[in-house]
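Here chain A shows up in two complexes: once beside chain B, once beside chain C.
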Partner chain A sequence: MAQLSVTDLSKTYPNGFTAVHPCSFEIEPGEFVVLVGPSGCGKSTLLRMIAGLEEITTGEMRIGDRVVNDVDPAHRDIAMVFQNYALYPHMTVRKNIAYGLRNRKVPAGEIAQRVTQAAEMLNLTDYLDRRPSQLSGGQRQRVAMGRAIVRDPALFLFDEPLSNLDAKLRNQMRIEIRALQRRLGVTSVYVTHDQVEAMTMADRIFVLNDGRIEQIGTPSEIYHRPASTFVASFMGAPPMNLLSGRGTGNGAVALDGGQAVPVPLDTESNRPVLLGLRPEDMALDGAGPIAFDIEIVEELGAHRLLHGRLSEQPFTVSVSKDTEVGTGPARLSARPGAVNLFCAEKGHRL
Partner chain B sequence: MKRARFDHRLLPVMLLVPQLTIIAIFFYWPAWNAVHSSFYLQDPFGFGSQFVGMDNYTRLWTSSEYMRVARFTLVFTLLVTGLSLGLALLLAVKADKVIRGARTYRTLLMWVYAVAPPVAGLIGVALFDQNIGAITDLFAALGYDYRLGVSYSDTALAMVVVSVWIQTPVNFIFFLSGLQSIPKPVLEAARIDNPSGFRRFWEVTFPLLAPTAFFLLIINITYSLFDTFGIIDTLVKNNPASNPMTLVYKVFIDGFRGNDIGGSAAQSVVLMVLVLILTVFQFRLLERRIHYT
Partner chain C sequence: MTATDTAPVSAVTPRRRRLKLETVLDHAVLICGALFMLTPIFLALTTASHDKVLIQREGLQWAFGSETLTNFNAAMFEPGGFTGDITGATMLMNSFILGVGFAVGKIILSMMAAYAIVYFRLRFATLAFWVIFTTLLLPLEVRIVPSYEVIQGMGLTNSYTGLIVPLLASATGTFFFRQFFMSVPEELVEAARIDGAGPFKFFVDILVPLSRTMIAAIFIIMFVYGWNQYLWPTLITTEESLFTLVRGIRQIVQAIAEGSEIPDYGRAMALALIAMIPPVAIVVTFQSWFVKGLTETDK
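This part shows the complex of A and B:
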């Protein structure tokens, strides 16, 4: 049985704006699901509907086997970690963590024990009697985590919990959260706009755009077989190259700028398509079939990005740090199986 | 903080002079005068005065009339402060939840603030008036013979009601802005942590509102003690004999109606000391329990 199942769920605000178009999905017990998308795509609204902080316009939501559409947030058996931590500034760390338990009539002895345990897990033991204002950003983040894990809920909800931390701390907390979730085995829904967080943390990724779920899949599926040009360009840094052209009907795409690129797929003759190629799936190859004009070489240490033009369309290639390369004309070949084709009008995968 | 540096010695002094002059003329000088006069017995016609030491003060302690006014002032201050704060908090919490037409609703609630205290007193008089007052009629309909300016408790009721009415909007504005500055996610976290809206308010919302509430408490006590003068003056209609009044109003009555400058001055000094003690007490005891974030 799914831990969270959603049927035809949608959200329309009183002003007529539809933040989430009807969608259905199920989340399995213990799964870590990441909702990712640009700002305003409806991912936070969806999460807040799961939390009970936003009303559900249509559809049905179940946590476990219970319909929770009209259940109060406090009774949904969920815990949420907010973007700016949302700690109670007038309470000590200990009271912050214990607050949710106290209101659920957990015996005092058990509260103390669970708080101590959570504090140990999060290295907060020395800070239990401090107030949030006396803690650093990373420590506050941990307290917010502590407040969630101490409850041992059916569902963890994370609303961009790392976006207020600096890059180094973010990487560290990313791993910690994932490890903690694995250890506790609690089903989690995690919202972020950072595709790296989505790729590294998720069991499954939901990519959202304009209030619609564009694709649901494992990080690998999302990355290698994007369902639309939106997913293709949103996931991955640098993003997938999208070249416009037309199908030739005989296993090639004629690019708008002139060249024909062979593709291992059938292409309907004369149909406008977008050819998607990941920068790292391209290789410099003196005998390669594709001509590329390198304009800028970007040095990133671990690898180099070559920015230039392919049939007059902007194109980026990523090569390893050992490849010596300068600006000017070059030949490319694509790794087999790396070619993605999308409908040029609607953007869906062909 | 950055320290300002002046090239010229005289400039900072010149900058301070206007402020210091105002304080000296309107505070130190009258305060000194009051302390000075409180040790003298003045000729009612202003021809001379005689040093009487602490007589004016001992006269206050032994005056049952003064003690009666002091007791009324205490009750009055507690009632006005408590009611206007409580009512404003209730209105602010409710107004904070209004979404549709919120601006109009809030403006309507703040309107009363624009009414000057004597005008409020006059409106109060009209409402409580013996012949035309709507509230008097209401009491009559309930079978009670309400007499403003005649019955001690009836006048006291009018005083409290009008004073609370005029002060509530100020408190409302402060409470509302205080409520709106509480971060929404904190309240949402509380919604997940605590199913009881009532307890959520007292355990999360109110503590975050405490700095505002503390500030308002001081402002309201000062208001009840001093700024209700205009209201009281209008309601007792220069006929204070059997009517309730506050200590501040008694200073005025004894000094300017009774021409007892010395006794009136002694009362002002007592008031000054009282306010001083009260303020120190509030800051020492209450503020310690407040967390500014």
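This part shows the complex of A and C:
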């Protein structure tokens, strides 16, 4: 269990491309942090810098009390789970798990004991003498986990570990990984592009875009108070509705298509803004202040998505499965506290 | 019932007709090819079963004679050559040393070269690779005089070292291993690094076991290639105790023929057949590995 602290860390490749812009953050002991963002946002690069697989261009990185900028990956006291598992195909499960310990000259008796323990924890006891090619995707994933936990490292690093599994298995492994991490209490950094994984697993989420950390916060903060339009549109399925308009100065936003939507915030007169409303924060309300034209009703089982236009701008509303609804004009009201306002030019929260 | 009965019949009949048209021709070609390759071997086998006088008088023999054991025994164990200190068995041994030394040496050298080129950030790695690759244009036959000069200058003529070392650098082997190493996933290297495996450990623990089918395939090719070397051994070994089978066959016949005796063709044929056995045995034994090594990868 260790703290990870990073000061002004950045990564620029020799060809001049900056993959990670200078950033500083701290990860507390035992915390589970998820780095999330679209592909190419620098999340994997950041993780690989923590692992020591990618050189650090500027800044300082500490694991515990130790500056690790120039420490070899083998000596950083980390363990990493890779997207393709990266199991050694010619070794049995037992040897795969033990390999890191053997290289560290751990006595054979202790290796055997730790491997057995890890295998029990991951339900791999029956598979210890098989080769990776004889295992299913989920089992391989567990072996990769076993290789990490058997080392009892200061830091776990996960690089999109579930993206090669099918949806059902992914849900199950998500819970298993989280439970395991809780039990072991090892500080973990987890990279994913899947916002569901990020929301469900993280103590804190780091949302990255274009090599910059857009927002750091708990899943609930990220979801309910996104710091920018990027975070607002990236997190949540379907994403937050963003309507362009102008402030009126008297507690409302005049949308470009004509309607004025009341907001519980002061808006500078005539300032271009983006009004953010989560689909599930809207409710059908015959007496509501907002006119909405429903074009398509999407049936999702647990709830329904109503796609349509609000002042000529695309808009989506999510309603529960019990709400009977058809296409055509309707009226909406927003739940209190559901309104987000962003600067139209720079995208940051107002 | 009737439906299931008629279905296979109607399915089989047209197939049988197609068999006649195409496969007969295919097989005819294959059989011709096989006969073309095998008849000389059969002829060698039958001829090797006759007395030398008979062969000298009547030429190659199509029928089996009675001297098989005598001739093979003479080929293997009777001293031959000018000095008489070489038998078929010692030549077989020499050929084995050349073939195995050649194959093993080539594999070790080309694996290490490929490892350096693929995994280390060398300044001129690509250039180095292409330089190695262009040596394909310079086979031994082209550089034989300077090569001989170097070996002779080092005093390595008439030694196994002189026989094997100059042939070791292998562009083909390096190329094969380079392509294979480049297809090993990057994540495996990284996992090994995090697991604390240094460059040497990674090579020995991960890369070599992963390449074992490749190694087997290249071993077969190189063993046969080394076994069949003729020109270089002829040049570098003048002592008969170092003769390999492939050149020894001729030498024995010649040595006897230049005397006033009748050349012992039966014995020479027997020796030629013996010389063919090890490469064939190796290819047959390892052919499944061979195919695996060159086609699929166990990653």
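Following the convention adopted for this analysis, the second predicted complex is superposed on the first by the 348 of 350 C-alpha atoms of A that agree within 3 Å, B and C clash if a C-alpha of one lies under 4 Å from a C-alpha of the other, contacts with A are read in each partner's own complex, and residues count from 1 in each chain.
As a convention for this text, contacts are C-beta pairs under 8 Å (C-beta built on N, C-alpha and C of every residue); 3 or more make two chains touch, one makes a residue touch a chain.
Given the structure is predicted, the values throughout are model-derived calculations rather than measurements.
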| item | value |
| --- | --- |
| Touching partner for A:112 - first (chain B), second (chain C), both, neither | neither |
| Chain B versus chain C as contact partner of A:73, first or second or both or neither | both |
| Chain B versus chain C as contact partner of A:89, first or second or both or neither | both |
| Set of chain A residues, in rising order, touched by both chain B and chain C | 51, 53, 72-75, 78-80, 82-84, 86-90, 99-100, 103, 133, 147 |
| Residues of chain B that touch chain A when the two form their complex | 183, 185-186, 188-196, 199, 203-204, 207-208, 210, 291, 293 |
| Residue ranges of chain C in contact with chain A within the complex | 185, 187-188, 190-198, 201, 205-206, 209-210, 212, 298-299 |
| Chain A residues touching chain B - in the complex, by the definition given at the top | 51-53, 72-75, 78-80, 82-90, 99-100, 103, 131, 133, 147 |
| Residue ranges of chain A in contact with chain C within the complex | 51, 53, 72-75, 78-80, 82-84, 86-91, 99-100, 103-104, 133, 147 |
